[in-house]
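Common to both upcoming complexes is chain A, partnered first by chain B, then by chain C.
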Partner chain A sequence: MKRPRILPYVLVAPTLLFVLVFTVLPLGEALVGSLFKLKLNVPKYQHPVFVGLGNFVDLFKDTEFLQVLVNTGLYVLALVPLLLAAALVLAFLVERKLTALSFFRLALFHPTVLPMVSAATIWMFFLTPGYGLWNQGLHLLGYAGPQNWTGNPSLALPALVLVAFWKNVGFMMLFFLAGLQGMDRSVIEAARLDGAGGLRLVTRVILPLIRRQSVFVSTVAFVGAFQTVDHVFVLTQGGPSGTSTLPLYYLWSVRFERLDIGRGDALTVIIIAVLMAFTVANFLVNERHES
Partner chain B sequence: MKKLALLSSLIVLCLGFAVAAPQTEISLAYPVAVDAPITAMLKGWAQDYMAANPNVKVTLVFSGGYPDVKTAVQTAIQGGAKAPTLAVMLATDVYDLVNAKYVDSLDDLVAQTPDGAAFVKDFLPAYMGNSYYKDKLWSLPFQRSAVVLYYNADLFAASKLRPPRSWDEMAKDAQALTVDGGKTRWGIEIPTENPYWTFQPLAIGAGKNVYTDDITVDFNAREVIDAVQFYIDLSQKYKATPAGVQSSWGTSTQNFAAGKTAMIIHTTGSLAGILKSAKFKVGVMAVPGRKAGTLASVTGGGNLYLTAGHTADERKAAFDFARFLLDPSRVADFSRATGYIPNRFAAQKTAIYKDWLASVPQAADAVAALAAAQPELATQNLNAVKTVFNKYLQSAFNASMSATEAMNAAQKESDQALADYK
Partner chain C sequence: MRAKPLAAARFAVLAALAALMLTPLVWALLASFRPPDVPFALGSVFFASRFSLANYAKALALAPFAHYFLNTVLQVTTIICAQLFTASLAAYAFARWRFPVDRLLFTVILLQMMIPTAALLVQNFSTIRFLGLYDTIPGIALPFFGSAFATFLLRQSFLGLPRDLADAAAIDGCRWDQELWHLYLPNAKPALAAIVLSSLSFHWNDFLWPLVVTQSDAARPLTAGLVRFTQMGEIGAQWGLLSAATMIVTVPLFIVFLVFQRQFVEGYLASGLK
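Here is the complex of A and B:
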């Protein structure tokens, strides 16, 4: 009889333990906590009171939370496709044999190594009305619109998208670059011989070949869009008038500033549920394509 | 020989124990969000305290700002760990911190100290308003400030203008001093990314503070609405300030020092930084009120809290360290280095402070502004109330709503946020 292979499980065990302790158990606690009303700064709610789905119902009735949902939808819909498209284009560009290629790759990648707080602080000065580099650059291109990006209700969220894009596009580019460099060149050559070229070659041959990288990058981009919150703290503090409040910033505010534990737990459950739903759906769609 | 060796070993062992005698460990969490050499000062004082008290070890924990310190305290306590023994947090957070049992009362420690009562009485009454709740003392003023109007005195003199004494004068002065539609210079800048605090002097100057007590806000009072409209008029009618919300807390002081703005409304805590950078004479005064000759300001800043969950020895050592930090000479020195207003009467009598006043007369103007100051917005469920107020102030400033609509909406939602306390 063959002995069961335990080595793979031993090797995976530390990661599983980490996930159990730092993700599964806290998520379980949040799930249970979300069913109770617990507000540390309100004397009558300082001991948990079972309310079932009451916290969730209150959230979806709250205009502030609904604004956060709208902000999140716009943020993700703007940032993720932009990141994927730009990262792919940049990967194609830096995959070629160019003069000073290493410099360009480094220049595109360097924002990735900065902490988001540092990146946001740099952009805080870029976005300064009047003499900030961003506004001066736009002015040279003929832009005559508002300059106070972080104080304008229509521009605060795009400002956050801009910073997150600048910070992360180099990182996403790396994965696409790895995919392009790992492709079977003979397939590309064969397609060229058959007359495929330009956009057709990219969409019909190259993109399917790097599908796994695309799934990974889109998942990371989507999850990252939810997770990044430092730039909100530095640039807009969720304003003006809540137009740039994103889920994690709202969660921090509810949990640590308003001391509403039950609502904070409910928010955590919603955020995790959305992220898991997207991740699972993304992988299932990819698996269907593969088969 | 053997006996000598044994005796020597015993002596060394005893000395070792003496040196390694258990220390009481305390820590101070401090927010560093002001442009001043505060961290170096605090480190120096901590070293001095430990040199004088070798049985106490002091660790300083520096965080980004008041919210970061508050988050760190909560995370520690909720996680079952010990929070920093002392923490500098917003004075106005007292209700939430006490209700959530994150901080301890100081009454017993004051009573145990021989001159405890006199020590507490020496703090400026304007700054003690947020220290008491449920008839107990919860915090001590540490870095307290007020909102003031900084103005370019040389520019005013060259333009033959006097410092404004009313809203009307302030608006017209700002209009006169705006050059090239603000491209070269604005007349006035008021940071409004977190607007409630810089806005409060305008409401107070109109005749009404924005709240009455910890469960009653007055956002839709006629005077408050008029103050919102005045801010809007500064850009719409007088073209003297950039339109809409201005995320300029950090840049407005730089703009002012560089001569790109003739006046700013800002904290006294920026005084030292502004005086260091500006190449012109800087004027400081309380914010002019609506009526001629009236002035308005609002208090602000952080208090020193003793967090919950510490042993009796730690509490005693922490209170002793707090008293050390709040010694009049150190309070005066801190004020001199930062521009924060000295929070003790005894500090204002020290030679350090008097010498500073002699070389920096603006410091006296900053203290004088306190006479016109009313308390900063402080209610139960404070963050929820502030979020609502800020949201609707910004909506009004950005012209998404009229001043009346915005303040009525702010009143309604704030009343809902305070309903649990009534």
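Here is the complex of A and C:
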């Protein structure tokens, strides 16, 4: 078939235009803008002043930003492994036929469908000191620590992890479940006959078989954890004293509360660099594994 | 017979976990139906109260949730229609022909899957303001009119159609748009459903971007409306009222999900085929 000469470009143009205007162009803007000092609320800096890498240097000298880095590290390191492990266990539990199975799956999965702001509002109520069911439950288990989870410097970040865990574990479970159901049963039977059982069966046989799903789920969990911010707005507003500020919340507050545009651009560059580095690393590891 | 007790144990564990997972939502639901004048006290939340819709009436009177709902519906519909349109065209071009720099263009579009739009909200905010679309529904929707995910998924689906079939249609005098409309799209229904449902749940639930580009109730969607509501001074710790507002925001999409559960799950899974 003869190919029309102009038509393909015309058809691709709309998608390309929107990607250029809302992904490529802003990326360039952030890169350029990060090199200038521009603060809307400081007369001296109301017009951009070139500072080279000054914004980045300032950020890494600022304890506030270092606190955000620590928070993010702790948040991701706590949430991602917890999510993956629990999702895998749940997938095993709901994989085979059982009475009321579809109800159980729905019960585990339903938070995925809620908006994060709704989930966080429900948890704000759930975590209330005093009569909040969370504290009552913990009390039954013998917990006697502080009850004000969202207002306590050492509990605010764990509270965010908790909400994100509840919200996303069913979603992650779904992918492991699809992996388990698509597995070749005979391989497992053979391994079992060879005497592989329990943990070894899982780590040596089953996990490699669902590697594709595992890689995908870890990517989603990481990228998701790195960008979730809605629960911060509802539950803690980054506090108390910055102990639960996550990257996008910090970005929002720098740009829209403090009107520091240069620093906002530098932050955007850092956030995107981390995400890209992760994606590329993931891709490289994957490629090496495939070949 | 080892299977029986094992299955029973699995059932018990699952029942306990399911109950744990459901507790927050069920508790909030029950709280929303309590009369506002009966105070909460230790242990009395599940029992010892009357059924009342007063919290819902009060929430609806305090904030224009019906209007927020309409805004969300308009915003999500606009995005989905635009995405289906732009992605069908681009996916068709990429699947039907090889043309100079097609790989490059495809890669540029795929860049959008690597860089979440959420991270670029500051710059996109400036663009939307520059375009004069601040605080409007088109302003919330516009950045999502092109979708790498939708283009990718549709292209995959289109590639599954035998090339000979399309060539035969072209020899019979079929124009490209007829080919796309009558041949390619009808064969891509699962991909289309996956795009609609994943886009629906993403944009229905999106919060930060609409928060940043709206300032009045005129364009504000349900999510941003709810957060504003929770931060209203006079609300305080009226948990019944807050729960009612949360339910108003949450239940519509939840019902859609219950009805189309299978399709939703398939849509989510399709997003994993990348």
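Criterion: the second predicted complex is superposed on the first by the 270 of 291 C-alpha atoms of A that agree within 3 Å, B and C clash if a C-alpha of one lies under 4 Å from a C-alpha of the other, contacts with A are read in each partner's own complex, and residues count from 1 in each chain.
We take it that a residue touches a chain if its C-beta (ideal position, glycine included) is under 8 Å from a C-beta of that chain, and two chains touch if they have at least 3 such contacts.
Keep in mind the model is a prediction, meaning the values are calculated, not measured.
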| item | value |
| --- | --- |
| Clash or fit (per the criteria above) of chain B with chain C on chain A | clash |
| First (chain B), second (chain C), both or neither touched by A:Phe256 | both |
| Touching partner for A:Ala178 - first (chain B), second (chain C), both, neither | second |
| Which of chain B and chain C A:Val19 touches, first, second, both or neither | second |
| Of chain B and chain C, the chain that contacts the larger number of chain A residues | C |
| Partner chain(s) touched by A:Thr99 [first = chain B, second = chain C, both, neither] | second |
| First (chain B), second (chain C), both or neither touched by A:Pro240 | first |
| Partner chain in contact with A:Leu90 - chain B first, chain C second, else both or neither | second |
| Partner chain(s) touched by A:Gly130 [first = chain B, second = chain C, both, neither] | both |
| Which of chain B and chain C A:Asn148 touches, first, second, both or neither | first |
| Which of chain B and chain C A:His110 touches, first, second, both or neither | second |
| Offending stretch of chain C which, after superposing on A, collides with chain B (from 21-29, 129-137, 183-191 or 201-209) | 129-137 |
| Those residues of chain A which chain B touches in one complex and chain C touches in the other | 124-125, 128, 130, 252, 256 |
| Complex contacts: residues of chain A adjacent to chain B | 39-46, 64, 124-125, 128-130, 146, 148, 150-153, 235-237, 239-242, 252-253, 256-259 |
| Touching residues (chain side chain A, partner chain C) in the complex | 1, 3-4, 7-9, 11-12, 14-27, 29-30, 33, 90, 93-94, 98-100, 103-104, 106-108, 110-118, 121-126, 128, 130-131, 133, 136, 166, 170-171, 174-175, 178, 213, 216-217, 220, 223, 227, 229-230, 233-234, 248, 251-252, 255-256, 261, 264-265, 268, 271-272, 275-276, 279 |
| Touching residues (chain side chain C, partner chain A) in the complex | 7, 10-11, 13-15, 17-19, 21-25, 27-28, 31, 40-43, 45, 85-87, 89-90, 92-94, 96-99, 102, 105, 108-109, 111-112, 114-127, 142-148, 151, 166-167, 170, 176, 201, 204-205, 207-208, 211-212, 222-223, 226-227, 230, 237, 239, 242-243, 245-246, 249-250, 253-254, 257, 261, 264-265, 268-269, 272, 274 |
| Complex contact set, residues of chain B against chain A | 67, 70-71, 74-75, 95-96, 99-101, 182-183, 192-194, 242, 244-247, 250-251, 260, 380-381, 383-384, 387, 390-392, 394-395, 397-398, 400, 420-421 |
